[in-house]
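Heads up, the thing below is written out as structure tokens.
Labels run A, B, C and D following the written order; every chain starts at residue 1.
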């Protein structure tokens, strides 16, 4: 029976992840994600992985959040996104059928992992592992479901976090340094990936904007 | 004593000339001509040296391992020497011809570059000492000829090039599979190590039969055996020197040569006989001979008629080797040379008519013998040779084929020969009649399609000289077939080696 | 001295080369303003002279040439001597005759008539070439040389046949070349087969090979048929009456006098005549039957012809039929052959010279010399009667043959031959009659080479038994008591001819009905058959062509469709783009499944 | 074949370590310098490029004396395992060669490119340095942590390079590439996590001893492979490849198609050989994917309208050949595996050189004609014979016609397939040859058109042609001189 706070933590993580992934309002979703990052920091700290917590705080929550907001074009002064993020919602309408269909891959991964974990058969009692698995499934589902680039970036980050949690829950103490190494690299990669993605999104938007504005400029009537 | 360098030099004379030509600017036609001609002469001299050395009993071979179990191996034997000699000789003639033919036409640099590569591959095929090396040059030949086939660059040429590639690349692939399978079965076989396959014993025979058929399929495409001949008549859109070379030595002959190698030097004729495949070969050859002749009869244009004639004639080689016995062998081998000389002559003539008078159709040839007597004479000699009349070279082949057929107990082949002679006569003699006995523009009736006065003689001397030379050769190798070093002599030498180990 | 052999063969070629060079120089050089050189000059006429000299050489010669074809061996021996002699003589006479016969064209050519010059040039080139071939085939002992000579003669003679270049000449040429090529193919097959069975390279080996071979009968049949085309065996004879009338008269003379004999020579060279082991009696019987049939049928067909040369051509067919039946005897009764060879040779020589003289005479009757008419008629009738067996060489030859045949027990054949001789007489009578009808105005000077050559030919023909060296025992002169037996066919022929003449005089129209039969009889049948066959083949070929076109078109369509399909297929690429992550998971699952399976 | 990977025994030798570090670090250093200096001419690049080659020669001399070695590096409590053997050396040499060619080509290319992005130039050099170093690391590393690090570094720098053009379509394609690359890394990471969780170690030699078949291993390898195959653009996970190439800079395309996709393949194959050497069915499944890749890639290349698309799709197709290594190496007997081993690496090198040469030659053609469509090449053979010749020679290797390396590789693969009696792979190789001939000669067909309209064209500097030509020549002619390198490959594991 895992301790209550750990369970709560895991549940909070899942809730925040779900919110950040499925909130229809993008700025809000990003905000939820920052919150999610903070909770992950807490989780690491709770496990006694202080360095990891610190890294997660800086890289996972603060910098990633900053890049996400940058991508949206949202700054403290400008509160509403511009350009093609002006429409707030996902371009692809979500239907239940599609959502269920896209859940399949995530469930497949879940099944694979379930089989593995069952076979490993160690007496892990933490709630981190279910939490990690949940994040993984949520993230994969979202990744498969959404076409929106920013949402996919979010989903990617959530999956990454899920894998880190899973990893940490799996390894024994002898393998801890290697696991640390993996997570650190993974965090940095996630950040760089997010940053690149965010910058790209901005750039694409700027170019598209210019492209769309160009023909309009020589038509005075509009 | 082994002297590896001479075959390498021979290969290099045309292989290295290609980059040299590519480097020379398009406009430097004089320099290009000098390079081309000197390389061709050099190659001829080197081949002559090789022949001399070979008769002295010297051993020329060169080899290195490419990958485990497959070696690049050049070796000189009488058969290869024959083919190398033919290609060296015809390269010289065709180079001269091509210089004259392509005067003032675009893309000459490209043409001559690939032309040299084409010959390099042919010589490589001739000197190849094992199937791997043979395959190497065989494929290279496909590549080197493609730019020549599409040289004109118009739609028809490109279409022909595509079809050519479809056939030859597929054939090459099949051949590759066969060769690899043979390697997987017994490893690297140098040409002449016939006992390797024979030693496998009767339980390997089904496998060997299948492999033989696969290899034959691969080689048959280039040898234009029916029904794999479809590319050949279409490839006629190429310029005349290319057609000449394609038909006389390079592509078609490479296929036939490959079949000869396959039968004699890889499997060994006795093994093939044991497998019962000779009958199959002779039937294929017969069908090809008759089909090619009948198709030739229905052609209205000169070059396609010659092309179908090639389809028919090259199968004489296959027919020859399918006759179990020394005479059949001699016939097949000697036709390798004879057909080359005669066909090259005919194509030169076709090219001369096209260049000088713009003639492409047969019915435009009326009275051309008056306007271009030398060319027409050459054509006459070539045509009579094709029919198999003495004293032109073709007779020798036919004679030995007949002897071989009787020797092999396949007297029905004689009927094929008779029919083929008649068919050949039926499609060549009307041309000769038109040339010499009809009245045409030279007699004041009508006009030539596109007359150009290319030279002081009936046409440019560059065109006339090679034509005359090959004509002379085709007569001489027939008339003086009994001489030492004549193709017949060489072929007899090869055959006796084959049969009297 | 053995060099005489190659010289005899090569000299005509040198003459040919000379004519060619002269022509080339005239074309190349800017000498058009000068009058043309004479093409048929003395050098040209000298082409057969070395051969004639050789024929007079008493000894035997042989000439071997290692590197020639498959090993050349030329021989000059007693058996070849008569053939060479009468052949070369007739060639020479005909050559001299031609100089006069073609003098008119020569004048036109010199005056600048291009087409006349072309024709003459062709004649001047093909004549020696044909001659060279003819000489080579007589002298050759190795098979390739023999075949080379035969084929050279055959093909080059085409140029002589189509000399005038008009419609009839082309038709005659076509008949000639088509039949000749069929013959060539048969000969080639026979030679290859028989030579292959024993790896023979010389003609004597070949004969032995046929005698020994299991399928000797078939080889011999092929060869007999092949040479039979040239020798005018019935059914194959159609080219003779078509080609002879259109060829220039000297060419007709050598064609009929010498070249058709090449076929007979071919039989003698290749068939194992007189070989008791050969077992070809059945073929021999067939040959005799075919020969006699030819002799009769040709006579019947010939007498209704109008052109004198066509009549003479049929006469040749008839005579060669007799000759063929004699060759057949050589196969049926091999023991008789050694005795029969001499009369056969004599008969061939007699027929060659006489027929030559007759053909030359046709030209003479067209351009008669300024001599008394009775003299010309006599001179024309002399060889004619000789051919009928009534006079001179004909009488002696026939007597000789009858004697030998009777000794050999072939009396029936003798009777048949005698009956056939009636036909021969009728034929020559008809020929003379037609000549008389077509006679021209006397214009020729008596010293013209044409006339002299003809006169010499007539005399030589009459004296063939005197000078033809047929072998040791020599020609037996028929005893007087045999004469009636020998003369009756000719007499009967003359009488019949007279009767027919009288009948014809009585009712002109009736006679003309018979004369509608065109020369070349079966040729027209062949032509129709060939047309049918060609039409059938064209239909079949067209159908095949259409079929293959259809197949090709459908393939093209299919290919286009396949390409369109492929192009459509490329749209599915979007699926991979959209479903990349699910697909990745799918791949993982697939691999997992694979691991689980093994 | 696991012994040929040179995983053990561990040896530690200081001096070669230095050489290894130099080989790894020098590209980074030079990249940084390049980013600062931004060379506009080829010759400084050539001069600088000599340095890593010298370093490589040094390393080669050190290692060549023996069969190979592997060693452990400890960073704190982390243990990393690297090795060096003939295979590694050949791959590093290949990396340097293609990298150097691209680097040499770039200054001239950027001068000629009408739509250059000046900002991109500064980033090019450091990213190139990172890419080459990370590739070298991947060839060297034999523990999953180093491999993960190298893979991520390579992936990100490759994405960065691809984006340098700064055009919208490039960015969109790059973004998709980025996302998929990240997902692929996540799958990789997940697999690594499972392995680490199950057996507590990441070094391949140790894992090879430790692992036992079962669900954890299978799931882990399946996830690892899926991620790597996605990065390697194996069918059906190839969708990102063609659009990325369509708008990238030419030298970067050359580098990417020649090397980057192969790194993932290399890791995957290595993992399979170590972890699941007997998984025949799964290997056949990959073989099936390979066949589909060959056919699909070939068909798409044949139907593609743009020259670069042709090349990109041909990469997909050629990777199919490489994937045949799985069914031919996994669970086959030693004779087949020995042939396939050589064939695979030869194919990798052949395709790397040939594809790089083809991209460079195609770049020359595109720059010269200003046309990106294949149809725009009409008449090119008369105007740009040299570029076309380079293209052609590389194409020969791609099709696998003699005497090219591609031919030798195909020969070996065919030989292996025949020896093992794997008929489907024979068919795959055959169809692949025909399809590649079809798309290659389609390009030539256009180039030989004579009556084409005269496009505006300006020839490129000879240096650019020369680089393409040299690469193509090496792809074409080295095919016959492969015995030495193959010997190195064979000898790679015999020390153990």
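Heads up, the rule we're going with is that a residue touches a chain if its C-beta (ideal position, glycine included) is under 8 Å from a C-beta of that chain, and two chains touch if they have at least 3 such contacts.
From a predicted model like this one, the values you see are computed outputs, not experimental measurements.
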Greatest Cα-centre separation from subunit D belongs to chain C
Between C-D and A-C, more contacting C-beta pairs sit at C-D
Comparing each chain's Cα average against the average over all protein Cα atoms, the nearest is chain B
Cα centre of subunit C to Cα centre of subunit D, whole Å, reads 78
Taking each chain's mean CA coordinate, subunit A and subunit C are separated, in whole Å, by 103
Subunit A and subunit D have mean C-alpha positions lying a whole-number Å distance apart equal to 32
Per the C-alpha means, the centres of subunit B and subunit C lie apart by a whole-Å value of 36
Where subunit A touches two or more other chains simultaneously, the residues are 112, 143
Within subunit C, the set of residues that touch 2 or more other chains is 581, 585, 588-589, 592
Chains touch in the following pairs A-C, A-D, B-C, B-D, C-D
The answer for subunit D against subunit A in the complex is residues 76-79, 145, 148-149, 152, 156, 159-160, 163, 166-168, 171-172, 174-175, 178-179, 182-183, 185-186, 189-190, 192-194, 196-198, 200-202, 214-216, 219-220, 222-223
Subunit D partner, complex, touching residues on subunit B are 22, 64-70, 72, 106-107, 109-110, 135-137, 139-140, 142-143, 146-147, 150-154, 157-158, 161-162, 165, 169-170, 172-173, 176-177, 180-181, 183-184
In their shared complex, subunit D is touched by residues of subunit C numbered 563, 566-567, 569-570, 573, 576-577, 580-581, 583-585, 587-598
Per the touch rule, the subunit B residues reaching subunit C in their complex are 298, 327, 370, 373, 384, 388-391, 395-396, 398-399, 401-407, 411, 414-415, 417-419, 421-422, 425, 429, 436-437, 439, 443, 478-483, 486, 488
Within the complex, subunit C is touched by subunit A residues 102, 104-105, 108-109, 112, 140, 143-144
